[in-house]
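Two complexes follow with chain A in common, the first pairing it with chain B and the second with chain C.
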Partner chain A sequence: MLRSLPLLSLLVLSEPAMAAEIWVTNEKDDTISVIDIASLEVVRTIPTGERPRGITFSKDFSRVYICASDSDTVQVMDPETGKILHDLPSGEDPEQFVLHPNDRHLYIANEDDAVTTVVDTETRSVIAQINVGIEPEGMAVSPDGKIAITTSETTNMAHWIDTETRQLFANTLVDSRPRHAEFTAGGSELWVSSEIGGTITVFDTGTQTEKGKIEFEVQGVHPDRVQPVGFEFTADEKTAFVALGPSNHVAVVNAETLEVEDYILVGRRVWHMAFSPDKSLLFTTNGVSGDVTVIDVAKREAIKSIKVGRFPWGAALRP
Partner chain B sequence: MIPALIALRAIIAREALRFVGQRSRFVAALVRPLLWLIVFAAGFRAALGLSITPPYQTYTTYEVYIVPGLCGMILLFNGMQSSLSLVYDREMGSMRLLLTSPLPRWWLLFCRLLASTAISILQVYAFLAVTALYGIQFSAAGYVALLPALVIAGLMLGALGLALSSTIRQLENFAGVMNFVIFPMFFLSTALYPLWKMAESSELLHDICAVNPFTHAVELIRFALYAQFNGMALLWTTLTGLVLLALAIWGYDPARGMVRRKS
Partner chain C sequence: MQRRNLGTCLAGLVLAAQAALADVNVPAVYLRQEVDLPPTLSNLDPVPGDLGEIGARLGLADNMTTGSFLGQSYALEVISIPVGGDLIASARNALEQSPFLILDAPASDQLTVADLPEAQSALLFNASSADMNLRGEDCRSNLFHTLPSYQMRSDALMQFARFKKWESLPLVAGTHPQDKAFAEALRQSAAKFGLRIEGEKSWVFDADMRRNASQEVPLFTQDFGDYDILLIADELHDFGRYIAYNTWQPRPVAGSEGLVPTAWAPVVEQWGAAQLQSRFHDLAARPMHPQDYAAWAAMRSIGEAVTRTNSDDPAVLRAFILSEKFELAGFKGRPLSFRSWNGQLRQPIPLVTPRALVAQAPLEGYLHQRNELDTLGLDEPESACEAFR
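Showing the complex of A and B:
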C-alpha cells in the first residue's frame, strides 16, 4: 500500500499534463488563456505581467517564457502551477523571442531599443546585445542553431546573426514592415512576412538570396487589409498557413510552388498561430474579435472560434 | 386499400403530375433562390465574416448564412403557389369535385397539404444540391436532420397557404397576398439578416422578426442543417402550423367557413 502511494500520486499529478493545450497570451488582459485541445474550451486563465505577447516553452515543457512587453521583462512560469518562477533581464519592450535549440539562450527582439538581446536562461544574465534595425520584431533561429534572424519593422530588413560570434553577417531587404520569420525544418529556406508590403519573401539560407515571393489576394477584401504576419508549416512542409491580419483570413500556401491554394475565414485581425501535437488542428489568435479560431488542417476549414481574453496575441502548444 | 389512403394517393399523384407537367415551375422555384444566393448575397458577401450566432461555431460569409433562409423561401413560395392553385381549382370547379368526396374534409385538405409539402421538400434538396456544387456544403448528418425540419416547416407554410386560399375569392386577389403576406413574412425574418442586425436598426423590427413564425421555421431549418436542435423554433413552428391548419379547415367548412359566406 505504502509502496504504491508515490506511483498513485504521480498518476494524479501527471494527469493534467496528458491533455494537450494551446496557451494564448492576451495582450490587453495581461493573462494567458489555456485551451484544452480535446474539448476546445478555455480551461484556465493565468495572470501575467503587463502586455504579454511572445510565448514559448522550454524543450521539456517544464517552463514557459512570456514576453511581458510593458513590464520590460521576460517572465518564466511553471506551467503546472501558473506561478511566475522569476523574471529574466530582457532589455526594453521585448515583443517576440525565440529559444535557441540548445534550450538555454533566448534571442529577444527589443522593439523600442533597436537591439536583439541574448539572455542565458540558466545564469539569468544578458550575454550579448546586438544592434539591429529600427523596431525589431520577428525572431528565428536555424534548426542547427548557427544563425539567428531578427526582422526590423521600420528598416524593412532581415538581419542575419552568427550565433557564435554574435555579429551580423548579412542584412537582406524585404518588403515593408517585416513581422515574422521562420526557417523551414531542414533549415534550407528562411521565410519572412511583410505586414504592410503584403508579401512573404523566401530566402535561400546558404546564400541569403531571395528565392521567391508570395503575394496574397482575398476576394472582396481591400488589398490594404491583407497583411501577412504569423505563419506555420505543416508536418510534411508542403503547406504553409499564413495569418493575414485584418483581412480576417488565413492563407494556405503551397510551400513548393509558392502559390496560394486557399483562403480560410477566421476571426478579426488574425496574427499568430499554433498547431495541435499531430498538426491536425491549427489555432489562430484573432486580436480584435478576442477569440481563437480552430482550423481543420486536412479539410482547410474553420470549425470553431473560442472566446479568450482581450486581444489575443501569441500562441504556443503544450503537448 | 381504405378509401382515405386512395384519396391520399390520388391527391399526391395529381400534385406530382402537375409538378412534372410544369417543369418551368420547378426551374422557377430553383432559379429564384439561386438568384438570391448568387446575386443578392454576392453584394453583401461579408468577406470579413459575420459575427457568430448559434448554431454557427465560427465566422461565416453571408452566402453561407443565407442558405437556410432560402430553403425557407422555397417552402414559403411553394406554400403560396399551392394555395394559388387551390384558388384556381375552385374557379375551375375541380375543387368542388374533390370536396364532394364522402371522406372528411380535413383529411382531404391534409392530403393536399402533404402533397404540396413533399414537392417543396424535393425542391429544397434540389436547391441544396446546386449550392453544394457552388461550394456551400453541409455535413451528411445535417442533410438528414434537415428532412424532419422541412416537413414541419413545409406543413406550417402550406397550412398558411391553405388558410389564405380559403379567404381569396379570385385569382386576381393573389397579388395582394404576395404584397401583404409573403414579402413582409420573408423580409421581416432571420432569412436574410441575423436578429442582431435587425436590432441594430430598430428594436421594433427586431421584435416583429422574433415573433414571425417564418423566422422560427427558418431557424428550425438552420439548426437542422448543422445537425442541431432548436426546441423553441420547433414549438413555435408546430403551434403556428396547427392553428393555421385549424383555420384552413374552418375556412373550408361549408357550414361555417369563408367558402359559404362568399359563394
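Showing the complex of A and C:
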C-alpha cells in the first residue's frame, strides 16, 4: 500500500504537462486567467493589450489570438510562454472573431466601424474589409469554410459572407441586438442569439430562411432580463447551452425540438463559455461577478465558481 | 455545386428585394422652434446649438445602414424657426415634405403643430419637452414622447432615496417654469414612494454665486435643520451648481445637480452604450445629451418600425410602434417600448454624477404587473390621457 504511493504521486506530477486549460479574457483587467481543468484553479494570469475580448487558438494550439479591442489590434501570443509574438492589423475596435477552417484567415468584427475585416495570419495583412451593419459582433464560419457570418447589434441582422468572393450574399433580420452565431447540424443550420429580443433564431443554411425560434422563460426573472448571448453545443450537437446574461442562468436547449429543458443558476451576467476536452465540464464567464462557473454537463448543475479577473468575457479551450 | 447554389440564391434574393422593397422611402423632418434662454450665473456649460439635431442625425445614419441591406431609404431635413418666426407656416411646410416629425419645441408649440389638420395622420415625436400635461390631459394621439417626463426622472430619484432610506428631503427650487414643473414632479414622487419633502425654499437671489456661494448658501440652508439629502430643482442650471459642499449640514444634493436622474449622460457605458457614445462623439465632437438621446430614439423608433413592417405608411408604423412586437434596443440594458395609453417611451433612468453611473432605475424590488419600467412616470390607471384610448 505504502509502496504504491510514490507511483501515484508520480502520476499526479506528470499530469500538469498535459493538463487541459480554459483561457478566459478579462475585459477590464487587461489579462487572461488560465484555469487548470484538473484542479479547477487559476494557475496563470497573463497580461494582454487593452480590453481583451474575443479569444481563439490556432488549430495546433501553438498560437492564441486575442482581440485587444481598445488597442485596436489582434495579438498573437505563444501560449507556452505567454509572450506576445506579434500584433495583427485588425481594423478599429476588434471585438470578436472566428478562425477559418483553413487555419489562416481570421474574420474579425470591428465593433466601432461597421466592418468585417479579413486578416491573413501568415502574411499579417488585411485581405478584405466588408461593410456590414452597425456594431458587428457575432462571428461564425461554416464547417466547410464557404460561408462566414457577421451579426450586427444595432442593424439587427445576420450578414452572410461568401468567403471566396468576400461579398455579402444575404442579409437576414433577427430580433434586437444579435450577439453570437454558430453553425450546427453539420453546417446545415445557423443559430443566432438576440440579447434584447430574448431569442435564438435558427436558420436553414441552404436557403437562409428562418426555420425556428427559441424563447426563454426563467422563473422569477422578468423577461426583459433574460438576454441570450453566448452558446455552445455538446459533442453530439443534440444539446445547446445558452448563456442568458443578466438573468444569471444558462439554458439547456434540445437542439432538435428547440425546447428548453433546464435552467442552471450561474454567476452574474453570464456571457460566453467553453467546454473541457471531453465536453463533460462547461466553463461560463460571468462578467459582473468576476468569476467562472463550472457546470457538470451530464448532471446539468453548477459545481464550482472560480474567481478570475474583472469582467471576464471570452473563453477558449487549450487541450 | 455549393458555389453555384450560392450564386443562384444571391440573384434570387436581390430580385426579391428589389421587387418588394423599392418603394419604401422615409423622409423625416427635425423641426425646431428656437427659444431665448434666460441668463445663468455660470457660462461653463453652454447649451450646444445643435442639441437634439445631431442625435437625430445619428439615428438617421443607423437607419440608413440597416436600410441599405433592405432597399429602404431614409432622409432627414432640419427646419429651425427663429424666435418670433412663423411656427404654423414652417410646420405646414415640414408636413408637406414628410409625415414624420421630430419636435424640438416648448410644449405649447408642440400642441399647435399636433393640432394642425395636416398633422392628423402624421407621426410626431416630442424629443425636447418633459412636460407632464403633454403626457396627461393635453396628450394627442399623433404625438409620441421619447424624452422622459419630469415625473419619470423624479420617480427614479425617489426610488433610489427609498432604497437608501433617505426619508427627509428638503427642496430648493428655482423660479423658471421648468424648475417649478420639476419641483412639482419631485413632490408627487415623494408622496408616491412614501417620503417627506420637509422644508421648501425658492431661489430668488440675484447675487453672483461664483463670488459668494460660500457665504450665502450655508445661511440659506441653515433653517432646514437636519435632513438626509437636499433636493434641487434648477433645470436651467443657474444656481444649483453652487449649492453642493456649501450647505449648512454636510449632506449630498440631488435632482438637477449632484445625483441627477436623466435620460442619458456621458457616464452611461454599460449595455453596449460605449459604442453609441463613441459614434455620437465622432459625429458631434461633444458629449451626448438627453435631448440628443431622445432625438436618436425617435429616429430609431421610426427605423425599427420600418425595418419590421417594410412600410412607410404612418398609420401602419403607428400601429406597430404601439404593439407588443415593438422593441427598441436603446443601450440601457432592457428593450424599450411605447406606453399604449399616452405614447411615452418606456425607459430605464440612469442616476448619475458627473463622473459615474450611481444606479439605474427601476431599482431592484420595484415590481410591476406589466413591466417594471412602468414604475417610472404616469402609469395607466393614473393617466388622464384620453386620445390614445
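The rule we apply is simple: the second predicted complex is superposed on the first by the 301 of 319 C-alpha atoms of A that agree within 3 Å, B and C clash if a C-alpha of one lies under 4 Å from a C-alpha of the other, contacts with A are read in each partner's own complex, and residues count from 1 in each chain.
Assume contacts are C-beta pairs under 8 Å (C-beta built on N, C-alpha and C of every residue); 3 or more make two chains touch, one makes a residue touch a chain.
Given the structure is predicted, the values throughout are model-derived calculations rather than measurements.
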{"item": "First (chain B), second (chain C), both or neither touched by A:Lys213", "value": "neither"}
{"item": "First, second, both or neither for A:Asp144, with chain B first and chain C second", "value": "second"}
{"item": "Partner chain in contact with A:Lys28 - chain B first, chain C second, else both or neither", "value": "neither"}
{"item": "Which superposed partner A:Gly267 touches (first chain B, second chain C, both, neither)", "value": "first"}
{"item": "Which of chain B and chain C A:Gly197 touches, first, second, both or neither", "value": "second"}
{"item": "Touched partner set for A:Arg166, first chain B, second chain C, both or neither", "value": "neither"}
{"item": "Superposed model, chain A: greater residue contact from chain B or chain C", "value": "C"}
{"item": "On chain A, the residue positions that both chain B and chain C contact, one per complex", "value": "225"}
{"item": "Residues on chain B engaged by chain A in the complex (per definition of touch)", "value": "45, 47-49, 52, 57-61"}
{"item": "Residues of chain A that touch chain C when the two form their complex", "value": "111-112, 114, 133-135, 144, 146-147, 153-157, 159, 162, 164, 168-171, 173, 175-177, 195-198, 206-208, 222, 224-225, 246"}
{"item": "Chain A - residues contacting chain B, complex", "value": "218-221, 225, 247-248, 265-268, 289, 293-294, 302-305"}
{"item": "Of all residues in chain C, those that touch chain A in their complex", "value": "2-3, 5-6, 9-10, 13, 62, 65-66, 69-70, 272, 275, 278-279, 307-308, 327-329, 333-335, 371-373"}
